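There are two complexes below, and they share chain A, which is joined by chain B in the first and by chain C in the second.
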Partner chain A sequence: MRILVIMGRVLDPGGIAVNRRRGRIFVNREEYVMQPADRCALEAALRIKDGLQPRGAEVVALPRSVLPDDDVLRLAVATGADRAIHLTSEGTVEADDAGIAQVLAAAAERLGGADLVLTGATTLDTGQAQLGPRLAEALGWPQILSALHVEASDGHVAVILKQGKQYVTVEADLPAVVTVLPDALKPRYPDGVRLINVYKRIGELAAAVEQWDVADLVDVEALTPLLEKRGQDFPPERERGVRVTGAPREMAQALADALRQWAPS
Partner chain B sequence: MDASYLDLLMAQQEEPAEAEGMEAEGGGGIWVVADVANGAVTPVALQALGAARTLADSLGAYVYGVLLGEDTTDLAQTLYQAGADGVRVADDPSLAQFALEPYLSVLWDLIEAQQPEVVMFGATAQGQALAPRLAQRTGGGLIEHVVTATLDEATRTVQGGFPIYNGEYFQIAACPQARPQFLTIQPGAFPTPFLDPYRKGEPTMIDVEPVEPAVRMLGPARDFDPPPAPLAQARVIVAAGRQAGDFELVKQLAAALGGQVAGDRGARDAGWIEPEQIVDVRGVKVAPDVYVAVGIRGNTFHGAAIEEAKFIVAIHPDPDAPIFEVADLCLEANPQEVLPLLLEALG
Partner chain C sequence: MDFTFSPEHVALRRMIREFAENEVAPIAAEIDREGRVPFETLKMMGEMGLLGVCFPQEYGGMDAGETGYCILMEELGRVCTSTATNVGAHIGIGAMSIYLDGTEEQKQKYLTPLARGEKIAAFVLTEADAGSDAAAIRTRAVREGDSWILDGTKTFNTNGSFAEIVTVLAVTDPTLGARGGITAFIVESDTPGFEVGTHENKMGIRGSSTAELIFDGMRVPHENVLGKVGEGFVSFMKTLDMGRLTLGAACLGGAQAALDWSIEWAKTRKQFGVELAHKQSVQWMIADMATEVEALRSLVYRVAWMVDTDQPFTQLAAMCKMYGSEVASRAIDTALQIHGGLGYTRDFPIERAFRDARIAEIFEGTNEIQRIVIASNIFRQHGVRIRP
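Up next, the complex of A and B:
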């Protein structure tokens, strides 16, 4: 079984500050982390692989966009993926999810097909959830969105998801696309030795991260983004609240009165 | 006012409405694909219709509602009342439960035949599943979780704003070239329109060919422990920070208020809470009725994570602590002194 995991990176929110009054975003520390939902998707793929021992499964990591570096993919290999495909391009490729879905569909075909595609249900920064279903459409496969638990074997995938207030199991035949929620699983950490080996290209991981040119997969000219950014909007600054001063007992009394009003239990 | 005059006025208003209905058979327009839940049109569908009406009025376009499901024909009047100029109804037993492939098949045929300019969905499970697939198939652009919608009249393009980092700020995007433009509307972002009981119309019925869904429902999940993330839904949260002093008192306060315990990264470093109890944009974003921050200094991302809370109390000894900028009630005090007295006062 071959499982593709589509992974992305996101600017660590700890490194940016938003000034609402001035309407500006300050990037204090340009540090990227793996998209939390994609990390869960990788975990889901590795759990399926573990469950299928000794036959196993091949887990291949692919990027969510054309990235300038392959850190996310190396991290995926260090965490347990068997190989990763880094999509590169000579010029800049400004594709959005519509174009990337085509690129990934072409990559899946060049890999010799796949049985299951896993990816994050939503991105941390933009909150967009369209890559999974768009890829399912480009591949012509069924989709299951916002999974909490994924099991795959014998030609079908069983997924637990939340429907209203209850949890239900749904099933689809493979191949299929499944998107995983950010908090669904507790992701494992990358293996230290694998991390060093994948960066230093040692042993069996020497060629784990491959480089594929986007131009070999699709017509780059046709990848112009559909969406155009038209500026930002900032929510109003929150107004300052009431300050309570006085002796500790008076303060406690004022707080107790307020809490009784707001949390009548 | 004279009743006969009112009747006359009503009769005048109804005539153009019918004429609009005739014209409404043409293509284009702004479409709203309405979700149906428990035999009623969902509020987000009505809110999307309200937004569509505003956009259509400045664009000079018609608003069409699309209803899919079983026994949905009667609901068409609700869409008319909310501002639709025309309603298309696919009423078929095969559409009783939402399943991707049957719904997709109906909508695809409809979109291909009528070429709408804008197609709106609610940002619900159904809308989130349908919109990207239709967008990919038609080559259209999709903006998800839209909370503001303005119009670029020159190119007839909708500019949608959607939250970044859970609402830290909003990105405005537009789809100037590709048509149709797909939008999913965030529930609660737009006001629910007034339902005008005098607006009515005759819905257009769509023939449905049954399509087999690819995903099968197997029933309730067995032996499944849902991931522990109820903090985001908690009504009352008492959170501790580095200056909280005694965590036992924080727990007692949470118990007294019937709430849950949480904390910032400092509380995690002190070993008081689990990683999934960290309130932060990177951890859990919360929206309780009451949020009590005990000894939390409160950086930007903590502030952003509790922004949706209705009432925020902050107790911190430093008068310059940033938490006081987001709190509704600020106590410049040492939590260790105030908490015992507070517990006493609460009884």
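Up next, the complex of A and C:
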């Protein structure tokens, strides 16, 4: 089985400060981390791979966009992915998720196909949830979104997700695209030896991260973005918490309702 | 001069920091309060390969060099001195002694499981009457056919109460003293005659185990002699040299943590209408603290680089330990002053850091011994041989 995991990076939220008064985001420390939802997608892929031992599965990491460096992909290999494909380009690639979906679909074909594609359900910075569905469309595969739990074997995937207050299991025949929620799973730490070897580019992992030119996969000119960013603004200031008033019994009821509404899923 | 860390070391630090913050830090107060060794986090570190961070991959290690090991100690020291102590005793002196002086067979048999984190190591030297005066040990090893019989009591041993593989220094020829009369042995702790005695009730690093070890007619095979018979003292001193650098790295982590807490406190605590950050006395305290931390950081990683490039490092490693332990103590003391009364309570990590830091000026060779080592090296370079 070949599982593709689409992974991106995001600025470490701990290194940025939001200044509402000046309407700007200040980057105090420019450090990138894996998109949390993508990291859960990788963990889901690795758990499927662990479950399929000794036949095993091949987990290949690909990027969510044309990244300036392959750090996220190296980290994916260090964590357990068998290989990774870094997308490079001579010039800048003007593409949004729709365009990248075309690139990734072409990459999947060049890899010789895949059985399952996993990616994060949303991005931490932009809150986008497009990539999974758009990639499913580009591949012509079924899609299951916002998974909490994924199991796959021999031509079949079963996903648990939340619908309202219930958990439901949704199944599909492979190949399929599944997107995973952030915090769905506790992701594993990278393996130290793999980490050193993939970053030093030695041993078995010397060629684990391959460089593919986007121009070899699609016509870069044809990737016109569908989305145009026209500006940004801050959401209105929210009052924190909920105010309850009334007689003690009414207040208790209102408080209980609020707590139930906010209860973690 | 390129002062940047290599990509693998940057990635390693990120991985260790996340691990330290998510797994080690949350239980730091608890293991101190309960006086227990966090076996669960040691196991996780073993699985990640961290317990063999500096050893070659052919022996199950990670091959991240001394620099990688300093990074590990710094990141652990930043969140939990007890954990840094457990790991330091295992890697830096326990397993290290086998790496430096073991035969190929000994390394395959003993170093490999240690590097993989499958077993834990300890380094057994100190006795009741032999602390700084390490050559005054009295544990005896007597040859009997193809084994040695060890008898004696060792004190203040870290990890010895649960380690599976320990390296022990014993007297093989009482007439010869340190030069020729002392031998190192690799001992498996399930050997009959190996007993764990009293556990010390310590001021700090209470999440580490410090215990008495008693050897009573313990039979150790001759092939477990580490290095050559009679040359154990020299080989143990070599191991301690390596350990000094990484203790300096752990102190760096502790000092950095004190600095970070002080900055956060100065940003939030208000008195006389303004945050403490606007008060000059606090600014100066933080400026001094930050300068010492930077100086220590430069020293530690420069010495790590010297080790990784096979340059002599004894004198500078002693400086790392001496300066590092004193910087950490000063930083934590200043942090306590900045935090005031609240810092004195157990609700804050400072009182634990204060108790934990103090030992660094004492163990692994007291700072007085370090000063002697440094001065001896300096004068030897000038043609004067000092006798301590």
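One rule holds for everything that comes next: the second predicted complex is superposed on the first by the 234 of 265 C-alpha atoms of A that agree within 3 Å, B and C clash if a C-alpha of one lies under 4 Å from a C-alpha of the other, contacts with A are read in each partner's own complex, and residues count from 1 in each chain.
Here, contacts are C-beta pairs under 8 Å (C-beta built on N, C-alpha and C of every residue); 3 or more make two chains touch, one makes a residue touch a chain.
Just so it is clear, the model here is predicted, and its values are computed rather than measured.
Undergrad: Please work out whether A:Ala138 is in contact with chain B alone, chain C alone, both, or neither, and reply first, second, both or neither.
TA: First partner only.
Undergrad: Scan A:Pro54 for contacts with chain B and chain C and give back first, second, both or neither.
TA: In the superposition, A:Pro54 touches no partner, neither chain B nor chain C.
Undergrad: Counting only touches as set out at the top, which of chain B and chain C does A:Asp191 meet: first, second, both, neither?
TA: A:Asp191: touches chain C, not chain B.
Undergrad: Should A:Leu148 be classified as contacting the first partner (chain B), the second (chain C), both, or neither?
TA: first
Undergrad: Which partner, chain B or chain C, touches the larger number of chain A residues?
TA: B
Undergrad: Is A:Leu227 touching anything from chain B or chain C once the two structures are fitted on A? First, second, both or neither.
TA: first
Undergrad: Answer with first, second, both or neither: which of chain B and chain C does A:Ala98 touch in the superposed model?
TA: Only chain B; A:Ala98 stays clear of chain C.
Undergrad: Can you pull the chain A residues that chain B and chain C both touch?
TA: none
Undergrad: Which residues of chain C touch chain A once you look at their complex with the stated criterion?
TA: Against chain A, chain C makes touches at 6-8, 11-12, 15, 18-19, 44, 48-50, 53, 57, 62-64, 68.
Undergrad: Enumerate the contact residues on chain A facing chain C in the complex.
TA: Result: residues 71, 74-75, 78, 189-193, 195-197, 199-200, 203 of chain A touch chain C.
Undergrad: Sort out for me which residues of chain A touch chain B in the complex.
TA: So the residues of chain A touching chain B come out as 12-14, 17-18, 20, 25, 96-98, 101, 124-134, 136-138, 142-146, 148-149, 158, 160, 162-163, 166-173, 176, 183-185, 226-235, 238, 240-245, 248-249, 251-256, 258-260, 262-263, 265.
Undergrad: With touch defined as at the start, can you tell me which chain B residues reach chain A in the complex?
TA: The touching residues are 100-101, 125, 128-129, 131-133, 135-137, 139-145, 148, 152, 159, 161-178, 214-222, 224, 226-227, 229, 235-236, 257-259, 276, 281-282, 289-290, 292, 300-301, 304, 307, 310-315, 324-334, 337-338, 341-342, 344-346.
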